[in-house]
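Listed after this line are the structures, all set down as structure tokens.
Heads up, the next two complexes both have chain A, just with different partners, chain B and then chain C.
And then the complex of A and B:
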């Protein structure tokens, strides 16, 4: 019964919403009192909405009203760019005093308001929306038109170094919670009029601003239309973080692999846009989404490109190694020692057997238990304030680990395996969650069927990855389907002068530059000799 | 709806597959008796007796704060017998409580009687088991294999790894043969060749009563049966022909003081066995390249000049030739067995002729004409010219 009821509810809700929006799109009245009382009625019970009634230029007959939300507007702007000109400076303008009705609004908008953003609004809904976004509404007596004046100015966190994507070399600025600041940070990186930033509002209650950013000359148009289509399909109460959008537009919601990336840094976003990706800004969060997201992006770091290619290449190899260690090591260990001890080198086997002597649990329970203990410690450490977090990790890692081993509950090699796995898991930060899940999955495979199970598990994951698409782009691109030009940025990081083309599937304008291998110019060589 | 039932169905299948198999064949390390070495003997009653060294992991733990005793023996030696090898292996459970885990066996020692009666049962059992490693070393014991297995090591906690090191480092001397299960199997199953397996024996060492294991010489097999032994001198002859001399010392007399000796250290050797057809007769040339350094000289002459080096090279050539000829004589005259691998060389070079002679190769081989050619070279004379000025 309950299920049936639930199923019937949404449509009724929808019609309600439709009706109310219709009611709200009523045109403004010409009388100021009516308009004000209407708006007051709508904002009934909210103490943070401020109403200021005043008269234009000492003329008590020309009444006006200001409506804004305290804290969302900068009172300095309101005072100097609205109240001051309208109350005092209009005095000097004889012409205005005798203005005919129709032109007064126009005149005020064009001549009397020293503010960069002034819009006209005809309906209540427009006015209310403007107020909610931090504009100040100016209502005039005897007019059907209100003016929405840009006075947004609220307390916000400054541009700061992001904690999640710390760098040694590279810009340290990160996005903030304010969407306007974020787009400005991006504009500062890409000074090209082709950089398009389109806007839409999502969330029935939150009306969150969402911007889609892309470079028109580079992006694959199909991806942009697909992004827009998917965003327009969203119907949800609230968008509080870009994660909401991510989960509502991703290609494979049932997969453990992310098909949408995110970043907190303008330089990374700029690089992705320049490869033909699309960015999705969401107001209220510093995390900007990027699509399409491919598996290899998890292994690429901005610093790979900022430092010279040789060590970057080594680092990339290390990231792949760490990925495999983190995902497979516990499973391999369990499979080897519980199913295939004949595969272990003899001397290693002897020391492993020595360590296992007297341990009461089978290897897979040991591995599973240690893995869970590690996840607990990690979670505790992340949420705790920093000083307490440290003591958590000391108690957890040193005391617990040491005590468990000397009490003979876990074996020493298992502690090494789990510790190495855990540390390796932090190398590829973008995929940390995925790796934790894969680790469990492979452990289960290995514990039930040994190497055979492990192989089956790997095949399963492989086939799954092959099937995944992110906004039409194969998830494993450029490894499968293979693109030789792009492989220069997968296992190695080739120097910039060898990388002439952009990723083929992602972008249409292929050539990104044609620098040749750097060498001293001819003149200089002659001078030397 | 279809998708949902599909998922449920898949989960059902998966759970059945995974849960019913359970942890099939899972064996925890602490339930295994890891075997380090096996000795195989045949008793008078034709029963097979196995002697094994089982590793005691507890005793091999790193000496930690709890004071893991450093002197405890790292292995446990037990014996078991049965009508067949498999029977004997399973009979261990009566005594050990844990199942024997053989893949990590480092050395298989075959007793003399067992070897004389044929080693086919041994090879068969170890090859048939899917877990066994073919790299396991095979030795033949002079006397009882159990004596070798019981032998202790002064260096290693696991005597088997002592044996293993001895075999692996045979090359420093080149006086015994190292062969693993795979090589032995190859030699037994090959049409023309016969195996030669390293000999291990337990000897009383001089003054005190202590016994020690010595790896020296080799046993010669006619297919799977032991028929005789090679002494260390002949063994090196064998290794020269097989191209398996890695290093070792050749002693030759000083050119002008024959009572004093010179040691040459072999650093490189290469062997080619070349069959040729001369008027329908098969003839063989064994060409050995020897490269050595001057390692030591008892006399004080200055040998580091081209003339003297030529003399030394000649002496070295003679010494090597002597070893090779001794082996050929033994193989052709005493054992009448092609342990040299001449048959194999013929088969590769002249397949048609080989098809004609292969049936009566046992009779042909002793008559075969073998020419030995040694290309001797002395490369370096060391950091010293001579100590002549001291006199």
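And then the complex of A and C:
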């Protein structure tokens, strides 16, 4: 009823709606029938809500009722930890017969229910919320109090290797859709009581559980309070994925750059929390948000830290190169081709001009068209079922590309440029969407004013990036407010024994550890010599 | 502050003239003015920090590219081009140094930024460092240019440094790098435009006692645009300004007015406030 009302009457005044929700929290009645019929009335029309009326074991006249939602609760738990003790084991307990009425609930709660989570509820709203979250409500005749018994046990996907963040070396487990499993995975990584996980529910209809996780000794308190403030400001009917929250609390909703990160892997989340970041779990999605999010995080990968620093450093460099290629290459090509051909070395210019001979379009239209074609292919490949997706990419790349070139619609160099751009675009996975937009932007700049336009575009993006902040931290940190200690983890990946401090702006600048440069211990050396 | 406005327009004009003469002679000037001004207005509204960070990023690159373009020309050097030395009298020397002096005097805008420093006492150090680096670079430039082209050719070239960049040739493959040099040059020019723009906007906002200078940005932009469009008929006019009135105007504002302001504030507030806002 409550939900139905909201749907049909669009909220005109926020406070009014909130008040009406509060007003519905009526206290439970003492008669079981009244309570049951009230709740049945609330759940009218739902077939998946199950009601079970029975008598307590010691007294056949003592009625009780169970309410739960089929599928959300595990019937095994309900049977063994609620029904069995209440119906059979109470038979032997003669004491209870003579108990004063008021203490019975307390007694049952303390002595008769072998379940780890039992809560008391006084109002209908509490009971209904409990039922909706997967608890079982136990109502007793003659009492104003109901018991909510933790019986959550629905079918869920198991811990699996995440598709988005594949690794060669490193843990393969990924978060699941169940928030409890996710926090457990995090706890397994960080065994420290200072890891705090705070809860709140968001979404009027979905009442989605949202957890804020941080490590109390490391995190910058201001960031935590800011996160909480922003979360509490959210007023929306549904939170179906962490993306909803991301878009509702981000710093720069008008920017193309993401100011909130996400990860699907507990080890990455743990690393981020240990650097002083805050994680936001959302029930129903394996993607956990991390704030503050800085630009360089897109270029860091968990594997950089798991493998030895030399190749990791090379990989970092390659990622930055790929980023610039992906963002600037088509624009550079167009600028050179249409505005400044004198900059191309003569021999290259001749072969390029030869390849472009007969192509009817100017370079920028070619580049734009090919870019759009690539995006179409990518989108088709992602959404299609896997076997078809492959054939799409074969048709797209071989047939279309080859045919377009031999038909003289597109020049060969342009195909090379677009292909390289596309592949480079997938290297920095976290920023792929942003890069596609930036590519278009720069293409436009270069097509309109050549190198000058490109320069102005770059300056513009730069100023924008310098202006951006994510939860108070400058987006380009540690590059733009320069921090040499932290630069050890930006363009290079310095070995662990050189990195003594945590990021200063994110956390209290604490010592991570004080491992010295590894070397064989002295005794061993003596033995060898 | 009107002086800064003027200088903004002048710098914009110089940069664009350079761009048009050298790279894109067919595009109308208006396009360049507009694009530059729009981007720099965005920077101005972004505030002082982004501008500072941007210069932190761009200036090392500019200096690097400048030094590189000089270094790659080492093979063209002819030391005898430097002769004769000390040909002119002291008075003539001073008179000729008025123009670079006037241009360098723009560094008094640092006085405006001083109020926003974390530790204003370090400003002098920063400023001296900047001016010394800049002067050294200019001297190095002049030496290189004279050594490569000789005095006679130098005076006739419109943008000697640009011509210098044109001569770069590395391993028969990298030729015509002048555009790259140019790009960084424009970036540097953009920075100075942005800074001047910011200061003039801030100045006018303070003059009008506006709570937020950002309201004023578009108006100042339009003013700069109009000034730039109408101030000179062509590049000869720019040269005439530089040889004629600009050094005197600039130096009087930079040297005279600021000193005057310093004494006025000294007179009004006494010696107590050490962080006086406008000090040359």
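By our rule, the second predicted complex is superposed on the first by the 510 of 529 C-alpha atoms of A that agree within 3 Å, B and C clash if a C-alpha of one lies under 4 Å from a C-alpha of the other, contacts with A are read in each partner's own complex, and residues count from 1 in each chain.
The rule we apply is simple: a contact is a pair of C-beta atoms (placed from the backbone, for glycine too) under 8 Å apart; a residue touches a chain by one contact, two chains touch by 3 or more.
Note that the structure is a prediction, hence the values are computed from the model and not measured.
Asks: Let me test your reading of the model: by the given contact rule, A:408 touches which partner, first (chain B), second (chain C), both or neither?
Replies: Touch partners of A:408: none, neither chain B nor chain C.
Asks: Is A:342 in contact with chain B, with chain C, with both, or with neither (first, second, both, neither)?
Replies: After superposing on A, A:342 lies in contact with both chain B and chain C.
Asks: Classify the contacts of A:71 with the two partner chains as first (chain B alone), second (chain C alone), both, or neither.
Replies: neither
Asks: Counting only touches as set out at the top, which of chain B and chain C does A:451 meet: first, second, both, neither?
Replies: Only chain C is touched by A:451; chain B is not.
Asks: Does chain B (first) or chain C (second) touch A:481, or do both, or does neither?
Replies: A:481 contacts chain C only, not chain B.
Asks: Output check: A:513 vs chain B and chain C. Expected answer is one of first, second, both, neither. What do you get?
Replies: After superposing on A, A:513 lies clear of both chain B and chain C.
Asks: Indicate the residue numbers of chain A shared between its chain B interface and its chain C interface, in ascending order.
Replies: Common to the two interfaces on chain A: residues 339, 342, 449-450.
Asks: Under the touch definition given earlier, write down the residues of chain B that touch chain A in their complex.
Replies: 18, 21-30, 32, 34, 55, 57-58, 60-62, 101, 103-104, 106, 131-133, 158, 161
Asks: Taking the complex as given, what residues does chain C use to touch chain A?
Replies: Of all residues in chain C, those touching chain A are 19, 23-24, 27, 31-32, 35-36, 39, 42-43, 46-47, 49-51, 53-54, 56-57, 173-177, 179, 182-183, 186-187, 190.
Asks: Quick one: which bits of chain A touch chain C in the complex? Just the residue numbers, please.
Replies: Within the complex, chain A contacts chain C at residues 339-340, 342-343, 345, 449-453, 455-456, 459-460, 462-464, 466-467, 476, 480-482.
Asks: List the residues on chain A that touch chain B in their complex, please.
Replies: 337-339, 341-342, 346-347, 349-359, 362-364, 447-450
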